[in-house]
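Okay, handing you the structure first.
Labels for the chains are A, B, C and D, by order of writing; each one numbers its residues from 1.
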Amino acid sequence: MKLLEYQAKEVLASLGVAIPPGEVARTADEAAAACARLGPVAVKAQVPVGGRGKAGGIKLARTPDDARAAADQIIGMDIKGFKVPLVYCEAALEIEREIYLGFTVDRDARANILMLSAKGGMDIEQVAEESPDSIARLYPNPWRGPLDFELTRLVFEAGLGELGRPLTALIKKLYRAIPDYDALTAEINPVVVTKKGEVIAGDAKLEIDDNAAWRHKDLEQRYGALIEGDPYEVEAKKRSLTYVSLDGDIGIIGNGAGLCMSTLDLVQRAGGKPANFCDIGGGAKAEVVENALAVILMNPKVRGVVINVFGGITRGDEVAKGIITARDNLSMKLPLVVRLSGTNEEEGREILKRDGIEPGVNAWAAAQKIVELTRVGIR
Amino acid sequence: MSILIDGSTRVIVQGITGREGSFHTEQMKELGTKVVGGTSPGKGGTTHAGIPVFNTMADAVKATGANASGIFVPAPFAADAIMEAAAAGITLIVCITEGIPIQEMIRVKDFLRGYPQARLLGANCPGLITPGEAKIGIIPQRITRPGSIGLVSRSGTLTYEVASALSAAGMGQSTIVGIGGDPVLGLTFRDVIEMFEKDPATTQVVLIGEIGGSDEEHAAELLARGTRLKAVAFISGRTAPEGKRMGHAGAIISGNRGTAKSKEEAFRKAGVPVAETTDDIVGLLR
Amino acid sequence: MKLLEYQAKEVLASLGVAIPPGEVARTADEAAAACARLGPVAVKAQVPVGGRGKAGGIKLARTPDDARAAADQIIGMDIKGFKVPLVYCEAALEIEREIYLGFTVDRDARANILMLSAKGGMDIEQVAEESPDSIARLYPNPWRGPLDFELTRLVFEAGLGELGRPLTALIKKLYRAIPDYDALTAEINPVVVTKKGEVIAGDAKLEIDDNAAWRHKDLEQRYGALIEGDPYEVEAKKRSLTYVSLDGDIGIIGNGAGLCMSTLDLVQRAGGKPANFCDIGGGAKAEVVENALAVILMNPKVRGVVINVFGGITRGDEVAKGIITARDNLSMKLPLVVRLSGTNEEEGREILKRDGIEPGVNAWAAAQKIVELTRVGIR
Amino acid sequence: MSILIDGSTRVIVQGITGREGSFHTEQMKELGTKVVGGTSPGKGGTTHAGIPVFNTMADAVKATGANASGIFVPAPFAADAIMEAAAAGITLIVCITEGIPIQEMIRVKDFLRGYPQARLLGANCPGLITPGEAKIGIIPQRITRPGSIGLVSRSGTLTYEVASALSAAGMGQSTIVGIGGDPVLGLTFRDVIEMFEKDPATTQVVLIGEIGGSDEEHAAELLARGTRLKAVAFISGRTAPEGKRMGHAGAIISGNRGTAKSKEEAFRKAGVPVAETTDDIVGLLR
C-alpha cells in the first residue's frame, strides 16, 4: 500500500518526525480556507506516484485566492494515470538546505538499506548516477535496528556531521516505520533544514507491505479508500486480487506471476494486446477465479479472455468449476480460451468440456487462439 | 544422483494437519518420499495419515532424525516456522507458504546466519523434486521424468510448464528446484547452479527467470566463468510494463538492473542461449 | 529499584498483563472502603522484600470489617526491616491452578533467563532444588527477544502445552519489561489460572536497574518516595550513594565495592562492628565524601568513622578536601581515621595533616585504630 | 613479556576530550603507552594534547592502525562505544566507564559474538597495566613494578592495595588486569588466568575476588586441573550481610554459589591458598 504524502506524514508524525502544519482540501474553497488559516502554502496534488512536481501538481499560493485557483487546477488533474482526488495545503518553509533521507529493501542484499545524502531535493536519482559516493549507505541489522555509532558514521560519511544529533534522532524515528508499520520504503526528500535550524520533513513517501496488511488494519481503514486510481485496480484490490491494468483488449488470467507474465508475452507475440495482468495466485479457488473474471469483464474494452492455469496447489477441477460458475453468473458472451494443466487436470478438462468450453493444452496455442477470436470483428 | 534431496532424505511436514499440508503430504508419500513426521502444536503424540505428529520441531527432529522440512503453515506463522526448523538442526528447509511479510523474511535471513548448516528454499516457492525419488513441496510428480537436466526457476507454474514440455520430449530431469518469486528468499539461482555443477548426474541446466532483482545477472556472471553444463535460460515478463514507482530509494540502489533486457543480455554475454518462449527451450537443449 | 507489588502490577498492566482489581489503602478505613467496593479481598502488606506471607503480611477479608481489622494489624508492621507503609486490597480469585513465571539476569551466562514451571506458588525455590527439571528455561537472544517457537517449546517443556496461547502471550508481555523498563528481575508467582480459565497475575515482583534510572524518571517520580525502609538508606539514596545499613557502631567509607567490603572484613577482624557499607565509587569528589559522612553521622549509634580510599580515578587531594569540609560543616567530634593512597596521595595526605587529621598508610592498621578509638568509652 | 598489552600496543582513547579521558590519556602517555588517537564526534581533524582526534572509531582505526581502545565516555554512551570499537576491528577494548545498564551490556555481549577478535575488559574496571611498558585505564603506574606476578582482580581499589603491597615487598608484576565488578562483563578470571598460563614471563598469579556470581568458582575449576603457576586467592566480602532478596528467580538459578565461603572452598579444593587479608598475600607468595 502506497500512502499519499499527507498520509505518510501523519504516520511519520506519529513516530515523532517533525512535519510542517498542513491541511487536506477536497475542494478549491477548502484550499482557500486552509491558506487563510496557514498563511502562504504549497498546494500539492496527492497521488501515490512520483513526478507530480514536473507534472504541474505542486503550486505555491501566497493568498487564499491563489490557493483556490491552484486547487481548482490541480484537483481532478491526471498524473500518470491517477486522477488527483484532493490536495494538501502545507505552510511554506524557509529553506536553508535540503537533505535526502530514505530506506528501502535491497533485494540483492536481502536487507534494508538506509541512505543519506547532503544533496537532497528533486535530482537525487541523477546524483546517485553521477556521484554515487555522495550518498552514504548503511545496512542496519534487522533485529537490532541501526545502532548509534552506525548512524554517527553514516552522518559523518554524508558530510553532515554538524547536524549529527538532529539527523540521528530523525533517522531512528523514520526507521521505526519498519518494525511498527512493515514499511518497505520510507523516504523524506527533502529533509528541510529551515533558516531557524529546525529539521523538518518537506515531503514523505511511505509504502507498507501488503503481505503485512493484516497487522495494520487501522491504516487500511483510514487511508485505503482514498488512494484512487484505475477503477479496475481499485475493484481488484477490494477482491484481494493481484491485478494491473494495461491498455489492450485481451483479458489475461494466470496462476503465478511468472506464468501470467509469460502469457502476456505470448499474447503480445501472437499479435494481441493484453488488457491486464491478473495473477490468481497459488491456492486459487473457484471464488477467486470468478472474482478475477468479474473484474476483467468490467472493462468495456475487453474483447475476450484467456485463462492459463498450471496447477500445483491449485486444482484443475476447482479452476474449471470457477470458470463455469463465473461465466454463467456473469452471463459472459465474449470468447474464452482456457489452458489447464497440472494437479487434477483431467477432472478439470472433463468439467470444462461438459459445459461447452474447449480446454487448450498448450499456452502458445491458447494465446494464438484468443488473438484470432478477438480479431474477428476487427478485420 | 541429484541435488539437495533424494530417497534417503528424512522429511518433517510443518503444519501437517492443515488442508494443504495434509494434501501434499499424501502426494509426497506417493512418490516415495520419506515423510517421517509432522508438527502441529497441541497435537503432539497423535498420528496423521499414519505419520507421527509432534508439538515442536525440536521434538520431531529428536524422535525421527529428520534432516529436511516442508513448511505449509499460514503466512503469519511461516517465518517463525523457518527459524524453528533451523534451530532444530534441519539442513534443508523448504517453505511453500506465500505472503510472508518482507521485513519478517529479512529478519529470518539474518537469523539463518547463525545456522550455516540450514539451507532455505523459498518462501513462496513450489519446492523441489528429484523425479522418481522424492519431493518436498507441490510440484506434481506426473509432469516430471528422471534424467540429467537440472531445472531451476523463480516461477512456480512456469516450472510446471517447462518440466512438462521437457518430459513430453523425453528429456528427464535430475532435480527441479523452484526458488520462489519473493524479493527476499533463500537459495538463489547461483547457489543452485553451483550445486548442479557439482552433481555428476546433471549435464544440462535450464534457468527460468523473471523481471526484478538481479539474481539472474549474478547467475549469468557465474556461468560466464566457465561451466561443464549446457545451459539454457528463459526470462518471463519482457512485455510487462514498468511498475509505477514511488520515491527514489529503489532507483538509487538498483539502477538499470532487473529488466528482462538486462537479464537476457547478461546470459547471452555468458554464452547461454536465451529461449524466446518456453516451447523453444526443448529445441535449444537438443 | 525494587517496586512494591501494586506498583509492579501497575507497570505490568501497562504492558497488557491481566491483573485482579485492587486498591491501595493507607489506613484501615481505606481498606474497609476498598473491600466494600471490591467484595472479598486479600489485604497485602506492600514491602520490597520476599517472605511477607510467612511474616503474616497477607490476610483474607470477606467483609469491610475484616479488611479494617487486617489493615490495622498489617500497616506499620515490620517485615525484614521494612515498616509496612500501606496495604493493597485485591479482589480474591477463584484459583484453578498456580504457575511460576519469571525472568532474571543469569550472571554466569551473561544473559537473561526466562523460567516457567507448572509448580507455581510459595514453594518454587524448594521445587527448584528438588526437581530442577520441572522448571523450563529459555535464554532469549537480547536483541531479538523470545521468538514464538522458543516460547512454544518452553511452554510444552513445562508441561503447559494446553495453555500455550495465553501463556505465550503473557510471557511476551512480561518480557517487554526488559526493553521498556530495563528490568533486571520480573516475576509473576503465581500466574493464576482461574476457574473461569482466565490467566491473571496473582503476585508481581519487578526490579528496575538503577543504572538505567535516567531513562525511567517517571517511575522514580511515581514510586520512588513510597518505598520506605531504613531511614539512612533512604537518605543515602537521595544523595545517590551506594549505602547499606548494618547494625554496628563504626561508620565505614570506601571507594570501590571490593575495598569497602574488605574494610568491613578488617574492622570485624579487629573486633569492631561496622555500622554500614558505603561505597563512594570510582570518581568520587569532595561533595560525595561529604554526603557519605553526613549520612553516616545521622545514625546516633555511630561512635567513629574509618575512611579507606585508594585512588585511581579518585584523587587524594579531592578526597582530603572533602573530608575536611565535611568534618567542619558537620562539626564532627567523633574519632575519624583516614587511610589514603593512590593518585595524588601525597597532596591529599598533606592537606589532611595540615588540618589535623593523621592519615593512615595501611588498611589493617586503620581498622585496628578505629576499633581502638571507638572502644575507649565502652570499656 | 606480558599479556594483552605491551609497548607496541596502539591505543585509541574513546572520549579523549572529556575530563577523565583527558586526564588519564596524559597518565597513559607518561608511562610510554602508544596513544595514537582519540575520538570525539564533531571534533575530528583537531588534536588534543598533541594526539589526533577523530569523529568515529572507523576513521581512527583507518588512520592510525590502532588495535586497542580505552573507553572514558559517560555511561549512557559507553555500550555503544564498545560496539563501535569492535566493529572498527579493535582487538582489545577496555571500558573504564561505570554505571552501564545491565541490559545494555547483555546486548553488547551478544553483539561481540559477531566479532570474535574483539576482547572486552570491563566495563566498570580500572583497566590493565604492564608495569614499565604500557597501560590502558586508570591503574596508577607508581604503585606497580615490573616482575613476574600476574594480578587479576574484580575490584579496582583492592587491586591498587595489593599491587602496592607487592611492589613495596619487591615483588614485581607481569601484567595487572582489573576485570571489573559488574554482573555482566567481558574477560573473566578464567580467561585471564588462561592467558597468564601461556605467558612465559608470568610465574605466579594473584586472584582477587568478591562475593556474587561464580566466576571465582570457574577459575578455581580451571586451576584444579593443574597449572605451572603458583597461585594465591583473596575474596572480599566474607562478612558482608546477605542482600535483601526479592522474588525467587535469582535463587532458582544461583543456588548456593556466590558466597565468600563457596569461593574460598573452591580455591582450597583446587590447592590454591586463600589469603585472610590482603596483607597476607605477600607472605603466601614467598
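Note that in this section a residue touches a chain if its C-beta (ideal position, glycine included) is under 8 Å from a C-beta of that chain, and two chains touch if they have at least 3 such contacts.
If you're wondering where the values come from, they're calculated on a predicted model, not measured in any experiment.
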How many Å are there between the centre of chain A and the centre of chain D, using C-alpha atoms for each centre?
-> 55
Could you state the distance in Å from the CA-based centre of chain C to that of chain D?
-> 27
CA centre of chain B versus CA centre of chain D: separation in Å?
-> 50
Residue list for chain C, restricted to those that touch at least two other chains | 141, 143-144
Touching two or more other chains - residues of chain D = 107, 111
In graph terms, with chains as vertices and touches as edges, which category applies: line, ring, star, complete, or other?
-> other
Okay, what are all the chain pairs that touch?
-> A-B, A-C, A-D, B-C, C-D
Touching residues (chain side chain C, partner chain A) in the complex = 141, 143-144
Would you tell me which residues of chain A are touching chain D in their complex?
-> 144, 147-150, 152-153, 156, 161-162, 164
Chain C-touching residues of chain D, taken from the complex the two chains share = 20, 24, 75-76, 96, 98-107, 109-111, 124, 126, 137-140, 143, 153-161, 164, 181, 183-185, 208, 210-215, 218, 236-241, 244-255, 276-279
Would you pull the chain A residues touching chain B in the complex into a rising list?
-> 2, 48-50, 80-81, 100, 102-108, 110-113, 115, 124-125, 128-129, 135, 141-143, 178-179, 182-185, 187, 189, 205, 207, 209, 211-212, 214-215, 244, 246, 254-259, 261-262, 264-266, 268-269, 274, 277, 281-283, 309-313, 341-343, 362-364
Per the touch rule above, chain D residues touching chain A in the complex are 41-42, 44, 55-59, 77, 80-81, 83-84, 87, 107, 111
